[in-house]
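Have a look at these structures, which come just after this line.
In what comes next, chain A is part of two complexes: it sits with chain B in the first one and with chain C in the second one.
Let's look at the complex of A and B:
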């Protein structure tokens, strides 16, 4: 049991911690020589996070066999908030005290010790879904679109037909429609077998999109009243984070 | 494969809906038949709204507030909505069901609940103690609710709160278990008196049938129900019932105690099956030498004695010894002793089926008296009225209550109040009742409860039927004190186990037992008192802290007392 990983810039880890900690209280980071993996669901079983960070995402990376780190994600995020995006980040397991030592190096060097916790690991199977629609678009479209939808409702419909992606919301305050056509610049790819639509909680989507930067591309897999799958590539050879979110049922 | 919890929930819903005794029994029978033996224990406990059998003093420790938090998380509704819904029905089970039915957020996956899984998860909750355990407990419940459909959630929440509301009481299970597993009801009942757990009884019946039940005997270290006495008024009647001769014992007013001895290990249980061993280290020590046996269960009465007068102290003094702190200080202040009158088990041999006289003989041979600590109660075997009257006087003179009378060949009938044991007290008539409601007082008693509605128990449906309003006999201090005490336990709506026509200002869940004295029992129209009887000049005597509400007098007993009284009146008129 030994683990040490260094990132030259804290940026990626900061946004991951922010997104994940909003959804999930605690998680088990599983470190092997390939990299770090985590799979967890929120307490209400509405959202799932699958994190896959390659060892190549780190400047330095050492691990003995398989090391499991039980993390209180809220506390982890509180520490990472203190790191600047361009500061150097080191995470090291102190086996003696069972703590994760997080060192941030910028103008000065700051160290934080995060006590590790027991995390009960449920076996989580990812629902296998054959999605009728897949598209790749700029994450900024979704992030802004959620803010638009939020002006009238706490849930939003994601819809796709052969040519267009829509985000639609309606409430007492009125209706909102966000539209992105096949030929728009922010639409990277669009593969649609049939027109589909599912309804989702804005709050959850919002938390998930915090893992992305506006210029990132998000892969969306969508069906009719099916969970949505959001996949964010974290840069070349860095890895990916996948979110799965269960739909809401349309109000009668 | 363990029974699906949804199946159990369906049955519980049906049980809740039907008021019919027969239908309820039939439902339990078919449920038990569908259950595999490995699940029988869990099914029976969950039907009763329990996680552990009654004699196990483990609690889930989750009050309404904690469970509300779990409900909020699982349904996605905030506390305001839950509080509002809860105020409507006072039943968090109904609230969670309704909100889950309205829930529009789908979950990613649901692992169907089995009876085994639900019971295992709930049973682990009491083990969660210390820092952060509250969150762990809440998360356990949330985890179950996430996998539950609305109906299942209703019964999970109720079980966590320790209520089932299915109207399945312990007494009802006997017939159902007997029918489901084709065993005689008497055997089911007998096994229950030893095990005090219908879950375990049902499991034995399911796995081993009648043969298994027959083998069940008293278990050292497990509390069992004590045998009780019926009340009879005259020596003549007693002798008539007992066939001219009986055993008479001094009746002490103390705390009924069963002592379990397992080599050096001693345990003391009350008749309410509470373990009070730790409160009486002085008595525990004495048992080690007083009971000359490797293993034994001995039945007796614990009393406190005034060291100056040598007379027994009031029963309330003994109660003061039941404490968790300052135990040592009280040992000298309130010295207690125990007087044994029966023995149920000796060196692993069950004696409960032996006749009284033989048991008494064995008891005398087993107990080595220790002055001021342990003795065998004074006894007289006689059919001579003069001799008995003299013995009664001696008992009263020594400061005791009267006499207990025992049929010479009677077996020990655990948990039964029959005419094999009788009690004979010279005093005025008193009965034990459950306090179920109250009215605010007027004038001098404004602001406090001025009178209380009290009830007796009907053994048939295990509900409480009102018998009188009582306000006199309470001192000003008691009025204040009881008001404070009862305000804590006001029920939002009339508890379902109360059958009443009168409408008091407030209802209480039957919990507190009062002894009240009265002059006469009168028939009462049902529209007034649902027990069909009323009391003339009822007065409060004392709280019976040693009794639980299931031990109050029954409607049947009141009817018996009424018939006795009328017979007596008839005789008086003839004279």
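Let's look at the complex of A and C:
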């Protein structure tokens, strides 16, 4: 059991910690020589996070066999919030005290010790869904679209047909529609077999999209009343984070 | 009432997380009786309006249903229809017990018995009237919670719906749903926190229990038919006394030894005991459990609560505190909105 990882810039880890800690209270980071993986569901079993960080995401990376780090994600995020996006970040397991030592190096050097916790590790299955629609778009479109939708409702419909992606929301305060056509610059790819629509909680989507600050493009898989799959590539060889969010069902 | 299988059946303690988003068909009579017997004032009198109308069942139905919805469960209530003619002796028996308990209760108060004693006899005197059933249905209606009318037993209908997959599990305190073929039975759904053991000054933590038919059969190494036979030997609602001096353990031995009640009937000694002690035809009882009268005529639809009607029903007509009803309604409305959120389990 030994683990040490260094990122030259804290930016990616900051936005990942922010997004994940908003959804999930605790998680087990599983470090092997390939990299760090985590899979967890939120307490309400509505959202799932699958994190897959390559060892290449780190400037320096050392691990002995397989090391599992049980993390209180809220505390982890509180510490990472203190790191500047361009500051150097080091995470090191102190086996003696069972703490994760997080060192942030900027103008000065600051060290935080995060006690590790026991996390019950149940094997989490991922629903296997054959999605009829997939699209790749600028993450900013979703982030802004959610803010637009939030002006009238706490949930938003994600819809796609052969030519267009829509975000629609309605409430007592009126309706909102965000539209992105296949020829728009922000639309990178659009593969749609049939017109589909599902409804989602804005709060959850908002939390998930916080991870998108580490990237530009989001891959969305969508169906009719099916969970949405959001995949954020964290840059070449860095890895990815995938979110799965169960829909809201209007009838019954 | 119901069959006393508790000692033989292993149950799994579960948390409400496992039931999130799942439809549970509750045995309405079972719940209402519970509310009537549990929800009482310290001296054992049920909750009442100023002109003496009992409201314990209404209070229970309102608050416990909201609790369940808040916990993410989608409850529906199944009401009994016509009881099978074989059951009438049980019903008469229960009526006698209740009448006696009522007399005892009144006497206990007159002689100034200890509060504890008064409460105990009061609880046994609970009676569920036609009117109480009608108003319970009415309350569910305006709360937006669906209910189902069973042509026969509520538990049989709940089991049928669970078997079909329309609902996830049957909810009842009795084991009978399992005999009627429910793949899953959840107990202690409408009891929360702590419960007092009858006749003892001991409180136990009430835990949610899941009983799975398949597992029960596997563990006991019986078929469902054999499980029903076992129940008949112990005593069911259709033959309350069962065989004399035959408890769950002895009954299990007998079913294992003989394989079925038919085979027991081939044994002269048992044949005469069964005929004497099980007043009805045991094979007919088995048929009721295996093929109860059920219906496909039901629609499970949860709607927004009708706030004004709920307030009128509870405040104007039954003297509930207006403030408390408004709070309850708020909780219900909020929970209904949240419940539209599906969980991931649904997509595995």
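Keep this in mind: the second predicted complex is superposed on the first by the 248 of 252 C-alpha atoms of A that agree within 3 Å, B and C clash if a C-alpha of one lies under 4 Å from a C-alpha of the other, contacts with A are read in each partner's own complex, and residues count from 1 in each chain.
We take it that a residue touches a chain if its C-beta (ideal position, glycine included) is under 8 Å from a C-beta of that chain, and two chains touch if they have at least 3 such contacts.
Quantities reported herein were computed from a predicted structural model and do not represent experimental measurements.
S.K.: Identify whether chain B and chain C fit side by side or clash on chain A in the overlaid structures.
M.R.: clash
S.K.: Go through the superposed model and pick first if A:129 touches only chain B, second if only chain C, both, or neither.
M.R.: Touch status of A:129: second partner only.
S.K.: Check the residue A:201 against both partner chains and state whether it touches chain B (first), chain C (second), both, or neither.
M.R.: both
S.K.: Same chain A residues contacting chain B and chain C, which ones?
M.R.: 41, 43-48, 125, 127, 201, 227, 244, 246-250
S.K.: For the complex, give me every residue of chain A touching chain C.
M.R.: Result: residues 41, 43-48, 125, 127, 129, 201, 225-227, 244, 246-250, 252 of chain A touch chain C.
S.K.: Considering the complex alone, what residue numbers of chain C touch chain A?
M.R.: My answer: residues 17, 20, 72, 300-302, 340-348.
S.K.: Would you tell me which residues of chain B are touching chain A in their complex?
M.R.: The contact residues of chain B facing chain A are 73-74, 76, 104-110, 139, 142-143, 146.
S.K.: Can you check the complex and tell me which residues of chain A touch chain B?
M.R.: That would be residues 41, 43-48, 125, 127, 201, 227, 244, 246-251 of chain A.
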